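Below are the structure tokens for one structure; questions will follow.
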């Protein structure tokens, strides 16, 4: 077990444990910050998987963007009265059962049945991943790239329209 | 729409020019900061024309010159004080506390020739109460109570702001009190003896003993005797006392 | 050596935890958190597969996933805020009518 | 990772001097003396303050959410400090994560928003919460002009690697791998055909290589002021209205950490700005004919002289930048929140977007 693997296990443990924390905690705010921790270590996993660009993107968009948005949403949808924000659970049995079954089936498949022989050939990854991704986004993946751009624009306008203050119809 | 656009560019123009001017202004001050303001007083000609350089005076190390007629801490010259109690009465915040003892023996005169007739057993000025109005100094008949230019009298303990000017020791005070008591007894005896024949000069003395109302009337009475045309005798004590001295 | 299985296990656990969160939590924001967790689980899978791919298609695809997740989060939060303004609750069970 | 060895002690020492410098600069601008009592000219004032802060009690409000409250300053400081790991210091001492240097920096610095939110919410005080909300709104809004202006530089230099960007801006450009045959032209316009590669100095700085970066530089300067919560954008703190913003409830050592991270942020944006726009660790003195000022004041990479010159130029530029930040702070009054938002969204962001377009065109001229 070299140090790369050790760090990987470390990040993996943080990811899974904090995700479990989200599941078990009842304090909504703690859940949000645990999610931040989870995303952060997922970014670490990306970096270990030779995808440092995606790792940094994860940090920038998820942790710096979406999570802050979540906390803001939380502030806007609760009454602040000094008490801790707690939430309740429902469908507990179905949820846990489904999750466990899903997890066990998939992990069984991965560990015992799946065959990834094709991937074992050691091909060299591109030297400069950023350059590679950039060139590919502008050539091979141009249409998805543009569609993603349009999607973002549509989401921006849509979010603005939805959350806009509308006058009541009665007036 | 066009109007708004015009405002937009105008905003940018105004903002950049004014921001630039602001920077110039502060950099001027910064550059002139090596100049140090001298500790000059109000009397200097260019006192109000100094805009350059550091304005702060490093207080304990350097002082602005204080005018000689500064009106800060009160000081009482006990040798000149006739313990007339005017200052204590005029004081709007009652910061002067006086305890007089009628003198039996001759106390001499003040530096301006007023005879002293009362011991000041206690003459306390509590500067923590003082409002620096200066009324006490204006009513003082012998000009012994003055405001000095001593301004730095801060203390860690507020009770230390109480300044005691009386010079008598407790022993002396008891001595004077006893003397006065024996004198009074003797005088009562004399009065009983010589009821029909008044002794001049003894009449106002028992009145003075009961301060301060009697003292006022004591001043007023001779006032009426001398000149009826003086309307406000309370505030002109000095000539009256002089008249008394002439008697 | 970090094998592909490592990535896949973490991906699956994130996904199933996210799924459970979506099902059992009442607060709408927490449901959103669960969805983000699921998306991340999928992303970990993609990155894991792209470690052996000279074309790193997995990385490019996960970029798109992140973009979509951002767009989704924005719109979903806008809806949650709107629902809160109308029904005065962020509990996903309580709004029971579509009017509004 | 290795640059942390340099930056961790440097930030601490720099903060002590920066606080002193800020006090003195503000005093001189306002015709005062500033600290004068502790040591000669008040030299030890900050040290004394620091000692006082360390001794103070670490108070946690009773109703506060203790975990969030205690961990928040650590997150704020860590996120800002992580930004330093990618910065190159000398021509031969570069930071980590070189491929994604700038990108990582922008990402990790935005994390301090999380810490601020934690501090604001955790303290359970309305001043803290309001300050945190303002602060977060401000930082998120101003991240956009910052990112866009950095993007302009990236488009001109075509790299996310800060060390590569640094090498491009000096006479050592051909010493960097893969750039052996690259030439710098005057104003970056190859059509003019004036080769300034060997002139060095200011002529190869980014703002000279592509003058389109001068307005970008101004946008970057303004928006990083807001990023580091400095006046005139210090509404999150707003002493007169919100006591102290999100760090109202902090005392002692934790408050000192928050202050340290504010000054660290100033240094970080100054260093990044210097690297992106003002020639990084390259000398400002050009070679003029036979007077090889640039060569004399650069030194060869991997030599002691080269390292010392690089550190000297980088840090002196960054500290000058910080002095300008302080100058600006003590000149302008605080903005209102709506003015702040309109400055970001209506003025800086559209201009930055337009400048990205122009930078793209300029890059075509440079080929």
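In this document, chain identifiers A, B, C and D correspond to the written order of the chains, with residue numbering beginning at 1 in each.
Definition applied: a residue touches a chain if its C-beta (ideal position, glycine included) is under 8 Å from a C-beta of that chain, and two chains touch if they have at least 3 such contacts.
What you see is a predicted model; the values in this text were computed from it and never measured.
Participant: Imagine the assembly minus chain A, everything else where it sits, and name the touching groups.
Facilitator: Taking chain A away leaves these connected sets: B, D | C.
Participant: Most contacts: which chain pair?
Facilitator: So the chains sharing the most C-beta contacts are A-C.
Participant: Which integer distance in Å separates the CA centroid of chain C from that of chain D?
Facilitator: 34
Participant: When the C-alpha atoms of chain A and chain C are each averaged to a single point, how far apart are the two points in Å?
Facilitator: 6
Participant: What whole-number Å value describes the gap between the mean CA coordinates of chain B and chain C?
Facilitator: That pair's centroid distance is 81 Å.
Participant: Suppose each chain is reduced to the average of its Cα coordinates; what separation in Å results between chain B and chain D?
Facilitator: Going by mean C-alpha positions, chain B sits 60 Å from chain D.
Participant: Taking each residue of chain B in turn, which ones touch at least two of the other chains?
Facilitator: Residues of chain B never touch two or more of the other chains.
Participant: Which chain A residues touch at least two other chains?
Facilitator: Within chain A, residues 53, 57, 65, 72, 129 contact more than one other chain.
Participant: Using the definition of touching given at the top, classify the network of chains in this structure as line, ring, star, complete or other.
Facilitator: line
Participant: Which chains touch, pair by pair?
Facilitator: A-C, A-D, B-D
Participant: Which positions of chain A touch chain D when the two form their complex?
Facilitator: Those in contact with chain D are residues 29-30, 33, 36, 52-53, 56-57, 59-60, 63-65, 67-68, 71-72, 75, 80, 82, 84, 128-130.
Participant: Inside the complex, what are the residues of chain D that reach chain A?
Facilitator: Residues of chain D touching chain A: 63, 65, 67-68, 97, 99-100, 103-104, 106-108, 110-111, 113-114, 117-118, 121, 124, 129, 133, 136, 140, 143, 160.
Participant: Applying the document's contact rule, which stretches of chain A touch chain C when the two form their complex?
Facilitator: Interface residues on the chain A side: 2, 4-5, 8, 12, 15-16, 19-20, 22-23, 28, 31-32, 35, 38-39, 42, 45-46, 48-51, 53-54, 57-58, 61-62, 65-66, 69-70, 72-74, 76-78, 87-92, 94-96, 98-100, 102-103, 106-107, 110-111, 116, 119-126, 129, 132-133, 136-137, 141, 144, 148, 151-152, 154-156, 158-160, 162-163.
Participant: Give every residue of chain B touching chain D within the complex, in rising order.
Facilitator: Where chain B meets chain D, its residues are 8, 11-12, 19, 22-23, 25-27, 29-30, 33, 53-56, 58.
Participant: Going by the contact rule at the top, pick out the chain D residues touching chain B in the complex.
Facilitator: 25, 27-33, 36, 327-328, 330-332, 346-347
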